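Both complexes shown next keep chain A, but they swap its partner, so chain B is in the first and chain C is in the second.
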Partner chain A sequence: MKRFSLLSPRAGAAFITPAGLLVGAFVIVPFFWVIYVSFTNRTLLGRTALNPEFVGLANYLELFSPHRFLDPGQFGFSLVLTIQFVLFSALLGQAALGMALAWLLQQVPKPVKAMTETVVIGAWILPEVVIGFAWFAFLDYDGGTLNGMLDAVGLPRGDWLLDYPFWVIVVFNTWRGTAFSMMLFNSAFASIPPSYFQAADVAGASSWQKFRDIGLPLIRGHVVTDLILITMWTFNVFTPFLLTKGGPGNQTEVLSIYTYRVAFRDFDFGKGAAVGVVVMLINLAFALFYLWVARKRTPGGAA
Partner chain B sequence: MLKWKGALLALVVATPAAAQDLSISCRCVSGGANGELADWIKDSVIPGFEAAHDGVTVTLNEFAGGDEQLTQQLALDFSTGAGADIAGFDGFLIPNFVEAGLLKPIAELVGPEAMEWEGWSHISDGSKALMSYDGQPYGIAMGTDVRMIFARADLLESSGIDPASFQPTSWEELLEAARQVKQAHPDSFPLQLNAGVPMGEATTMQGYWMAILGTGESITDEEGRYIVESQGILDVLNLYKTIYVDEELGDARAQQLGDGRNRTFANFRDAKTAMLVEGDWFYRSVTAPGSEFEVAERDAKMTWAKMPAKEPGAGWNGQDFVTISGGTGWVMNPNTDAPQLAWELLAYMNSKEQLDAFQEFQPRIRIRDDVPVPTDAFLTETSSVLLPLTTARPNDPNYNAVSAEIQRMTEAVVSGSMTPEEAMARYKDAVTEIVGEDNTASLM
Partner chain C sequence: MARAVSTRRKIGFTIAAWAVGLAIFFPILWTILTSFKTEAEAISSPPSFLFFDWTLENYTTVQERSNYFRHFWNSVVISLGSTLLGLLIAIPAAWSMAFVPGKRTKDVLMWMLSTKMLPPVGVLIPIYLIFRDVGLLDTKTGLVIVLTLINLPIIVWMLYTYFKEIPGEILEAARMDGASLRNEIIHVLTPMAVPGIASTLLLNVILAWNEAFWTLNLTAAKSAPLTAFIASYSSPEGLFYAKLSAASTMAIAPILILGWFSQKQLVRGLTFGAVK
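Up next, the complex of A and B:
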């Protein structure tokens, strides 16, 4: 690689130091601190707050204790719930819906396209607290907008947040995150030379055939990137808390909410830290996979 | 380690604190929950204190969240050196906070002279104990409370029950009354007994305790070990199941939703609930004239009854009726910059003058024996009938965590996701994990 620099190494170091210190203080130190705490029985309240003891792997063994791993309110239950949540809301919801929207938008008049994009992106850029409250008002049993609409057309009203809490957060997260996939696929489709589609049109191909044989194969790389990114985000998302607080019972206690509950409601820092470390390892696996895929794509220039 | 963390956070959150700034926090909002308390502090305490102390500014932080969120806030505040100088505090949390080093005795924080305050001689030992641990006061209580069944006289009457003589003497009679109301008013939720996680300690105090004491058991045995398996627990869980699942006599949604407690208040106000088990706070503050859940024509429409034991004589201590007391009050923030001045403020809030003034905002039996008892028939009657029957929560650092498990156990039954047997088995596992097997007892 050709070596040239805008700044002397010393000036470069000076510029990087403030950021380095901040990252050190707020990322690196807490990272090792959490690992340390996960080997203790430290709590916020009670005796073990002042005198935490080293408990070795006890917190981890408890998380994976086989006889109640999958019971509601346990780590395994939340892990399985999170996987379902990712599957339905990220992979089937955001990616599939985003793909469908992006494909359909290729063939509609400009104004329709612009308007649809604005609406979808609006859902994506609004602050979380605002949309949390808006959805709460939308789904409320007594005075909610959705039940009001159902009443108006004579359909039975539903107690959405109590009877279908899991599907509520799935739909919510799909609604929330579809914009990202849509935009990514949109620009991917736009990068395909129009002549490919024109040739297909001459041959009399249907829209589905064009999608299957030209569009999808040419943006495969983008699809993989998208799937990995939204999987990671959905895996860690905390926003469902604004709608259901993890309940009723433990029905929507995905891993991020479970971690919060253990550490900041039960004040069990040791166990909460252990959950954090396990989640960190899972994320690390995702990240490594993502980097591996990204690296594999670059030299061949497939996408 | 705490100091290091505290210092770090203090750097981040520090406000330029002149020594003359004091703050009070409480779960109180003018025009909302505990509005009279907020008004008393803002209209009486603060002007009075500021007039007597030149250059001192006192502010009130009105906390609008629920009890559970307040506990969370206080624990995090106190552990990081933040929080108001004087904080409204539920006495049952004191052992847990003290063991964690998050509270200091007044005598240590302020100095021994604080124990010579004139007010102490007017506060009974029982009232001091509400905010004490190991014999050391950490704050001053506002008073104790009692629990009972509040009833809508109008609903009872239109269901063929005479409100004046209404007093169930067993759970079966209580359920029978609820069934009778349900029959007359199919849309109503006749009986509400708190359960579930979102209500926090209200579930344990107004719900579980009021029921478990009726079986003759308690949460701990005579040696202070937590009872994790017993017929009494099953009876209580089956009572919940009857009310919420089998016969739908109560509003199960209100026990599971985040704002559930307010829903139970609204149900009562709107005459949808005929019988609600609550503390006297419900009368003093929640339904009082001018508040959000004001019951119109309260004296005519609202009555009360004692909570019966499962069978006559089967209750705690062999009693026919049961109740339980707690107490909230004020603690001093251990991290206060001005312990002397903060103590002066706390003492001023509990001076005869200020507590006399408080009576104008909310009549109550105050903790000082030189503050006259208000001439309120309800307060005089309930305290003379219920105080002899009452008991208190264990003064134990683990109680708070066990209480959270009780809330989960009741929620599992009320939502229909577990049978009473399954819920009790999970409770046993969870409590054993918290307190250790040696501190548990099985009565089966």
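Up next, the complex of A and C:
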């Protein structure tokens, strides 16, 4: 890939520098700052806001203190909850449903496909706050649409947000993110030569057989990309906060919400920073894994 | 016989596709419908779907009570401001990566993208303190700066993929024909780069418009954009479904319109190019 020279290498480097420096500053400065604060007892307000003291590993020991680790409202509890959340909403929900939808869309006439895609994408690009509210209005006990519809057909009402908060955020996140997996798989299926499927048609293969023996194996790489990305996104997603605020109790306090609560509700910056560091390390592992896979699959990008 | 079966199957799949589309779009559709109901009708049971007295009252109330247009204006300023500033910084970088790639260009690019994978909650704490100390909390300037920075990697990356598709041969041909470097840039490259820049602009305006985490945490009443406004509207004195629906509908209308215009580019950008 020879590029026609438009800039001297030196000018080229100068062109990148501002963007590089800004991105770097925005990531690296907070990164080290968070590490530093995680070793102090800094708070948002009060005496330790201005003169934080060095407390060594105290914040980390508190996070990982063995006899309370898994209690509700503690780090371990949120970690386990987050893993369950990823498992159900990202892997089982978004990926599986997205795959089913993408395959379904391969079988329908073009205009229907375009229409469905548009609608699904529409749901995906809207602001989270609006989505959060729309779902709240749908599930609320008193005025919620779902209970209204259940009334209308004579079924009992449910207090969804109070009784099934975890499943509410799982369904919510599945709904929110399925579009991404669907689109990714869709474009992956589109890259398979149609003749493969035509040959299978001639042989009388069913849709399921075509999926199992042709479709799925040929887009394996895309599936891996998808799984890593949605795992990472779901791991960090903050949107359930808009629906449940982490409650009731701590039942939906996934890690991002837990960090937020410790730092900005309890104002314990030191401990919040310690959680931030641990979460960043987990993310770093994901990101490195993703980059490794992306590099292995195609030289030069996530495509 | 085989044809009949496959036609029937096709109809079945089509119905399924429509049903899924409708189910997914339902919460949005419902919000839009609710915005035209009275508060009483909004929570009536059984819910009325289309047959109610359509009213625009909620829209006027939202504006009168909470100065909706100030937040709308904040959203416009913040999303456009951060996008233009981002483009200004990103265009040279992407340009240089696409046309003068060095050994480490790919690594720099991937590194930039990977920063998007860090949890924002961790970065929020220091940014919050810095902003508080320099007086940028609850200012539009502060939000423009933050949103520019968080979206910069995506802008650079998207521009890069577009610039890279500009064929070098065209430039060589132009040079053969005696075009100067300046003429090449003005008459050959610019027209080819503009569509990519436009798509990037559109995507980033939508991203900035939607952004809720940073805007919620760094603004109060004065410079809150629509997303923060809606979030605050829903908390204190009970929920007003119809009014909140009206506020939401006004907040999503620009996104739906922009989004449907630029569906393909949007998907490409939002998925880091995993979908093309």
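Keep this in mind: the second predicted complex is superposed on the first by the 284 of 303 C-alpha atoms of A that agree within 3 Å, B and C clash if a C-alpha of one lies under 4 Å from a C-alpha of the other, contacts with A are read in each partner's own complex, and residues count from 1 in each chain.
Note that a contact is a pair of C-beta atoms (placed from the backbone, for glycine too) under 8 Å apart; a residue touches a chain by one contact, two chains touch by 3 or more.
In this text, all values refer to a predicted model and were calculated from it rather than measured experimentally.
Asks: Could you say whether A:G73 touches chain B, chain C, both of them, or neither, answering first, second, both or neither?
Replies: Only chain B is touched by A:G73; chain C is not.
Asks: Does chain B (first) or chain C (second) touch A:T259, or do both, or does neither?
Replies: After superposition on chain A, A:T259 lies in contact with chain C alone.
Asks: Quick check on the superposed pair: does A:F54 touch chain B, chain C, both, or neither? Answer first, second, both or neither.
Replies: Once the two structures are laid over each other on A, A:F54 reaches no partner at all.
Asks: Report for A:W292: first if it touches chain B alone, second if chain C alone, otherwise both or neither.
Replies: neither
Asks: Per the contact definition in the header, classify A:T116: touching chain B only (first), chain C only (second), both, or neither.
Replies: second
Asks: Name the contact category of A:N283: first (chain B only), second (chain C only), both, or neither.
Replies: After superposition on chain A, A:N283 lies in contact with chain C alone.
Asks: Quick one: chain B or chain C, who's touching more of chain A?
Replies: C
Asks: Name the residues of chain A shared by its contacts with chain B and its contacts with chain C.
Replies: After superposing on chain A, chain A residues 264 contact both chain B and chain C.
Asks: In the complex formed with chain A, which residues of chain C make contact?
Replies: These residues of chain C touch chain A: 9-10, 13-14, 16-18, 20-22, 24-25, 27-28, 30-31, 34, 42-47, 89-90, 92-93, 95-102, 106, 108, 110, 112-115, 117-127, 148-150, 152-153, 156, 161, 168-169, 171-172, 175, 181, 184-185, 189, 206, 209-213, 216-217, 226-228, 230-231, 234, 239, 241, 244-245, 248, 251-252, 255-256, 259-260, 263, 266-267, 270-276.
Asks: Under the touch definition given earlier, write down the residues of chain A that touch chain B in their complex.
Replies: 43-47, 49-50, 62, 68, 71-73, 141, 159, 161-162, 245, 247-249, 264-267
Asks: Considering the complex alone, what residue numbers of chain A touch chain C?
Replies: It comes out as residues 2-9, 11-16, 18-20, 22-23, 26-27, 29-31, 33-34, 37, 101, 104-105, 107-109, 112-113, 115-123, 125-138, 140, 142-143, 145, 147-149, 151-152, 175, 178-180, 183-184, 186-187, 207, 222, 225-226, 229, 232, 236, 238, 242, 255-256, 259-260, 263-264, 269, 272-273, 276-277, 279-280, 283-284, 286-287, 290-291, 294-295, 300-303.
Asks: How about chain B: which of its residues touch chain A in the complex?
Replies: Checking each residue of chain B against chain A gives 2, 68, 72, 75-76, 79, 96-97, 99-102, 197-198, 253, 256-258, 397-398, 400-401, 404, 408, 411-412, 415, 417, 426, 429, 433.
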